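Think of it as A, B, C, D and E in the order they're written, each chain with its own count starting at 1.
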Amino acid sequence: QSRDTIQIAGSSTVLPFSSIVAEEFGNAFPDYNTPNVAGGGSGGGKRQLCEGVGEATLDIANSSSKMSASELEGCVANGVEDVREVIFGFDGIVFATGIDQGDFALEPVHLYQAIAAQVPVDGEMVDNPYTNWSEIDSSLPDQDIFIAIPGTNHGTREVFDVRVLEAGCEAAGLPEMEEDAMEAACLTPRQDVVVEIAGDYTETLARLQSNPEAIGVFGLSFYDQNRDTLKVATVSGVEPSLDTIASGEYPISRPLQFYVKGAHVGVIPGIEDYVAFFLSDQMAGAGGTLEGAGLVPASSEFLAEQLDAFNNGDQYQPQ
Amino acid sequence: MNALVIAALLLVLLTLSYQIGWSRSRRLASGGAERLHSRPIYHGVLAALFALLPAIIVLGLWALFSETVTRSFILAQLPPETAQLTQVQVQAVINRVQAIANGFGVVGEPAPEELAAAQAFETFQLVSFLAVIGAAAALGAGGLFFAQRRIGLRLRARTEVEIAVRIGLIACSTVAVLTTIGIVLSLLADALRFFSFINPLDFFFGTTWNPRFQSSGTGSAGEYGLLPLLWGTVMISLIAMLVAVPIGLMSAIYLSQYAPPNVRNVVKPIIEVLAGIPTIVYGFFALVTVGPFFAGLGNMIGVDIRATSALTAGVVMGIMIIPFISSLSDDIIAQVPRTMRDGSLGLGATQSETIRKVLLPAALPGVVGAILLAVSRAIGETMIVVLAAGNSPVLRFNPAEPTSTVTVSIVNQLTGDADFTSPQSLVAFALGLTLFVMTLLLNVLALYIVRKFREQYE
Amino acid sequence: MTIGTTMDRSAMPPMNQSNTTAGEAGFQTVRTPDDTGHPARLKAEDVSVFYNEKQALFDVSIDIPEKAVSAFIGPSGCGKSTFLRCINRMNDTIEGCRVTGTVALDGDNLYDASLDVVELRARIGMVFQKPNPFPKSIFENVAYGPKIHGLARNKSDLEEIVVTSLQKAGLFEEVKDRLHSPGTGLSGGQQQRLCIARAIAVGPEVILMDEPCSALDPIATAIIEELIDELRANYTIVIVTHSMQQAARVSQKTAFFHLGKLIEEGPTESIFTNPREKRTQDYITGRIG
Amino acid sequence: MTIGTTMDRSAMPPMNQSNTTAGEAGFQTVRTPDDTGHPARLKAEDVSVFYNEKQALFDVSIDIPEKAVSAFIGPSGCGKSTFLRCINRMNDTIEGCRVTGTVALDGDNLYDASLDVVELRARIGMVFQKPNPFPKSIFENVAYGPKIHGLARNKSDLEEIVVTSLQKAGLFEEVKDRLHSPGTGLSGGQQQRLCIARAIAVGPEVILMDEPCSALDPIATAIIEELIDELRANYTIVIVTHSMQQAARVSQKTAFFHLGKLIEEGPTESIFTNPREKRTQDYITGRIG
Amino acid sequence: MVDTLLSSPESSDAKRERVRKSLARRHRNETMFRWAGILSIAAALGFVAILFGMIISKGLPSFWQSTLHVEAYFDPELVEGGPQPDRSDSASDADYRAAMVQWQRDVTLSNWNAIVETAVRTAVPDLEIESRDVLELVTSAARFQLRDRYFANPDVLGQTVPVTILASANTDNWLKGTIDRSLADERQQLSPQTRQLADRLLEEGAISFDFAWHIFTNVDSRSAPASAGLAGAFMGSLYMMMVVIVLAVPLGVASAVYLEEFAPKNRWTDLIEVNINNLAAVPSIVFGLLGAAVFINYLGLPRSAPLVGGLVLTLMTLPTIIIATRSSLRAVSPSLRQAALGLGASRNQTVFHHVLPLTFPGILTATIIGVAQALGETAPLLLIGMSAFIANIPANPLDSATALPVQIYLWQGNENRNFFEARTSAAIMVLLGMMILLNAIAIFLRTRLERRK
């Protein structure tokens, strides 16, 4: 008499993909219920996954960030020893403006200089003086700087910090300083023209609508669905697309994954089938349903490896 | 299934005992010349209480202790070395046995002793359930027997039922206390963990809020100064109150004192609808309509007003809160006795003087209560602030600039993608606890003020 | 003082409300002209009052003499309070209450659209049946009227008004130590006296009192009656009372109401000693109610 | 009937509360023994009442005779209502009120811990100073008591009780067409009669009335007085009144309170014709208050 | 001066003068006060009007959706799985069920898209168009719709039957013009062929804007946004509301009654009072944490269940109801309590027979405010698994469900803004409708109660 519906929760980035799979899964397998897919953030999903083993606990946590060692410890302490990681694709992160704004060909260093609270000018750190993109680089449009970046609660922010700000920081050539101070200098955004979006991409979009000069950070799938109102910027000369991201040409992307509670496999009906269905070419593969929804697909071999690892019961080991 | 059996048992006990109590006392009443102390209904209810309470107590005790009992039972089934293990390990073993018994798979091959224990445990579950049900039924029947023997002319059934009702009421009012305890408990552990990362002084007196995202490689902890968030909360609530209190109170006054009843009957529910609009709608209203409006207004008068700012969030939150103040105040003001109004009008006071000088003071404790409720709502509100305040947790005193609040940060940090064991995520608990303690102090203060005021005039 | 341990009006006829139906045609108030020389200050003409559809008062016309006390008597529910409220337009505040006819003070119709009700009520004060002190201190209760009307120039002025008013209402001695404690803490009688003090404090020209003494003991009643007697030297006073003795003691003019109609009016002495209408006679001797 | 247009008690001495201080030692109530042969039903002994710190009643001891009417008189604020409330323990409901001493009904101390207050109040009914009908229909107002005490077996029983009670309170004729309209819609006098009917409906043994007629006109008062007279054949009645005439008319025993003390008690006739205590005399003749 | 003011007739004129003098100012104050009241109400009503105007103007169009009326041929060549298993062929019930599941799986695996495609093509036989572009025209749920039709009635095999299929969300955007029709091809969601096909079908009358009943009968859908509906969320909200009303109102009223009518005034009750006021200020997400810890982890109640959501919201609305009920209890005149007590009613009877009925309007107001607040709440539901994609309509409060505000939240975050912006407003309209209904019931009760008084 155990529960017969798979419970999934976590990252709001993964939520759409996961829901689509769940829905198709429910349709394709008449003998299983459609899994329940909840949001709550990657942290929340993992927290719930790690609350223990049993009917009232989660089966799968969607996550846009890797589970950390301390998180896994927390899991084990609650009796959740067997956690399996499944990476099913990638999320591209793009910069976009309103449709009738100028064309942006951005480099990480431009973004760094637009965003950082302090920038090096003649080898010295000064309060960011730039107010117009053309001041940073004459190739950029003559347009006031206003940029909406993901809030610190978003996984996207991590990628943004590492791939954009730190890269830009390096390129900008900061004066010598301690590691901590360096990191702070690279990662601290200014407050006047940078707004951190704590909500989802809709909110970023709304901000672009209320301030036409703004640049926003979006997921590739969100941009794709709103091509009629958004214009995408190139980064390092590469235009973001499924191909450029999958090939690694476009620099800003991150893996998407979910964590399965091994103890529930075989107890809650359908978990293995769900994972296999998720990783099938029909869903996560190139040309599959999820690609249509904006997922950057991984290669078939990679997906097959993931499925094998899962079926072998390989437990997740954080690096 | 189990629940069904229990419910059936209780239902049978209930109807049986009520019927017995009722009919026995009624027979007594029709027989003698003396009057029953209490009406038969009360005797019935009393008998039902006597029958149900022991049964419920037994079931409750079982619910409370079954876990401990089960634990020690399983432990007893396992080899004695198990008990020597650390607590976490013991728990893990027990979990395994329970998982096996309940059909959950376990990692690795279950050991034979585990299997045996699981088997024994399964039997134990069934036997104990039957035993508990039996005990509950027997005690219930005993209670009923005792109760029906007590039935007599002078039995103060009503008094006893009323005492039971009183106890029930007390129990209801302790739910609120239990909730508080639950909240503190569910926040405390994680809040303390947060403080093991971050110095409390830096938290409480810090003026920078910049938790960052914990990058996997770097151990950067970020800065967690509470003050910018706190100030944002205060400022936005203040603006909201400045909008809501005058509009809400004046609407309430107008509706209860000036408006003809049919206007009142139409307008009041319409205003109440404002309370029911999901806050996310207000958020978009703020972002798309109010914010740009203020920005435009600022442009016109030459003041720099940002579209997303404390002002925008506060004003929109004020709109949302209007019905809280107007509806509650309206009821409270309408309840001031009419004679008070007549007294003032008869002295030649105008309607507004009567309202300001007689009705409002008389209704003040209630109105203050309503306002406090609204303030509380404002402090706890998130969606509007998320969308309209600009999510900029910087200590700034200009309401035309973006800001952020404590509750928004709680939601953001808690439902974000951060590692749930990192300070980035744990700070939510510390924030929650801080907010809790602060509003508690605020409420103590408010209680003191209201009490003082009431003493004067009652 | 009459002493009797048994009832002296034991043979009471059954109530006969149905004898005099409301719509009765050709009804005429019996008037005994007043020869004491008090000119009429207030003149009511054909006043009818409706509570929603129900008519509570039927074509009442009466003159209220200046510097005299007029008493309205009549059985419970006959419309005394209703008519009293017409005089300072307190009926305006009752939902669904409609007044027709005219009431004139010094010849000005009180129901004239241009008339200021607030000013009117400052000129025509009122004391109610049930004591209704404000939930404020005793001092504030009395000071309320003078304050809103701006009658006191300064604080000491105000204090003087309050003290004088309380003295006149015979309450000052009892409350002087606790002027700043709440008025609602007084006993019923004290509360009513407080309300009277409050009304006096505004210095009205006409004072309407709706059974001001119904909650007072004889001594306090006597004090109030004395006050009424004093005030009538300068003011026009109308009092509703259930006590025929009180009406007889304090008033110069009496009006007898019955079932919403003004049955008879005239100098108190003649009404009580020589009623010209049968129903007045019956009421005074206790035969109808 | 006395007729007088001027005041007959105009030379009033100033109030002299300070003459008799509260703590006065060796104070003794003056008692005139009753020889009419009514055994005492209620016995109060050394009853003192405190409102928080303030003492409102000082060591009152009195016997209330069975099947007779006892009247409490005294100036406003002297503690009449307070003492009356001691008899059915209504003081329990006032926050901060504390009672010492004993009150016994048929020898059982009412302040005994084992006593059921609710049952007590069903046996000792009460009518209040201000009419306070429930905001329900007239019928429901009267039926409420019988309902909660289970006095009626069925609906027609209940209806009978209601009708009888209303008749006894002299209200039935006036309201019989609108038994199901709200009780609060009645005029003040009617409301009080409704409250009396409500108290009677429970069939109490003792009825306490706190100025039951202060809102009634003479006719209605007479009806109530008659009712009281009728009821006393079977019930013990205690009435607080401001009207000495009323006390004289309806009561067999009178008790005079002053500043929280019971000054004198005895058969009504002797109290009014031959008071033995100076202060009683003064009060009756209107010299103190 | 004062004495003359009070008694001398000469000063009466002086007094009148003084009263007169202040009169203009006082009347001005009165008028201003009145206008302040009217303006306040106008402002409040204005806000309601603006908000409603915004929501309705956005949401109304989405109640009519592009719908395709075509003839579908259930081609026996395409539909796999063979005949439906017969009960008599299987040995046991279990075997039968297994055979049934296998059959259903096989049927599902058939190429239903081909049948859909053919059906669309037959409507405009002359158009040369790739099958990908045809399939983009209709909602991806169409294939399951046809499959379900076949499940329900296997006899349709080999027949041509008229079917009603929803156009896809992007088609709807295109036809309604919510996406700029003049934009370049690479900015359009649909290929030029599909757009042309859609326009043709509209012309031919095969596509019409039908009332979108499925908003009320379908549950949410991610893979086929066009057929996403609110039924699941609506039922979830309804269950939660019932739980809140059933629990919070009695609990809240009982607490209020105890605190106001029975509790001695001491530290303990002070503590409770402060406590309750404080709970009202606790951010709602904290209640979510509490609910997750207590109801799910400790008591083991199911995740995503409206029952748990209702319990959490109950705790959240409790303070609101208690505070509001207490203030209306406080306003009941003490003389009423005395009257009842004097008749020999016990304190309980006094409270339950007389005081409480009088506070009913107040309690109703409190309930509306509390329930409305609960009904619009999202944050605490995030933590108990109710902000979820759930594909079933809950049959009871223990089934998984989501709630209307959560659905609104999910839809407003959906990437397909062109379609979901309107759909979100439509969902808000449904939520508001529910609120208004609730209000209407309360008002109806309130007026009835007041009339009885």
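Just so it is clear, a residue touches a chain if its C-beta (ideal position, glycine included) is under 8 Å from a C-beta of that chain, and two chains touch if they have at least 3 such contacts.
In UniProt terms, the chains line up like this: B = Phosphate transport system permease protein; C, D = Phosphate ABC transporter ATP-binding protein PstB; E = Phosphate transport system permease protein PstA.
These figures come from a predicted structure and were not determined experimentally.
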Check: Both chain D and chain E are touched by which chains?
Finding: B, C
Next item on the list: Look at the interfaces B-D and A-B and say which one is made up of more C-beta pairs in contact.
Entry: A-B
Note to self: Rounded to a multiple of 5, how large is the rotation, in degrees, that superposes the C-alpha trace of chain C on chain D?
What the structure shows: 180
Item checked: Length of the line joining the C-alpha centres of chain A and chain B, rounded to whole Å -> 35
Check: How far is the middle of chain A from the middle of chain E, if each middle is the mean of its Cα atoms, in Å?
Finding: 30
Notebook entry, point to check: When the centre of a chain is set as the mean of its C-alpha atoms, what distance in Å lies between chain B and chain C?
Noted result: 55
Checklist line | chain B-chain E separation of Cα centroids, rounded to whole Å | finding: 21
Check: By residue number and range, which residues of chain D touch two or more other chains?
Finding: 118-119, 130, 148-149
Margin query: Where in chain B do residues touch two or more of the other chains?
Written below: 158-159, 284, 337, 348, 350, 353, 411, 414-415
Notebook entry, point to check: Which positions in chain A touch two or more other chains at once?
Noted result: 39-41, 44, 52, 54, 199
Check: Which pairs of chains touch one another in this structure?
Finding: A-B, A-E, B-C, B-D, B-E, C-D, C-E, D-E
Notebook entry, point to check: What part of chain B is in contact with chain E in the complex they form?
Noted result: 158-159, 162, 165-166, 168-170, 172-177, 179-180, 182-183, 185-187, 246-251, 253-255, 258-259, 265, 267, 269-282, 284-285, 289, 319, 322-324, 326-328, 331-332, 335-337, 348, 350-353, 355-356, 365-366, 369-370, 372-373, 375-377, 379-380, 382-383, 406-407, 410-411, 414-415, 429, 432, 435-436, 439-440, 442-444, 446-447
Note to self: Quick check on the complex: what are the chain A residues that touch chain E?
What the structure shows: 3, 5, 7, 9, 12, 15-16, 18-20, 22-24, 26-31, 33-34, 36-41, 44, 48, 51-52, 54-58, 99, 199-202, 205, 219, 221-222, 224-229, 289, 293-294
Notebook entry, point to check: Hey, which residues of chain B end up touching chain D in the complex?
Noted result: 35-37, 39-40, 156, 158-159
Margin query: Residue numbers of chain E touching chain C in their complex, please.
Written below: 1-3, 5-9, 11-12, 15-16, 18-23, 26-27
Next item on the list: Within their complex, state which residues of chain B touch chain A.
Entry: 88, 91-92, 95, 99, 102-107, 210-216, 218, 220, 222, 284, 287-288, 291-292, 307-308, 386-387, 390-392, 394, 402, 408, 411-422, 424-425
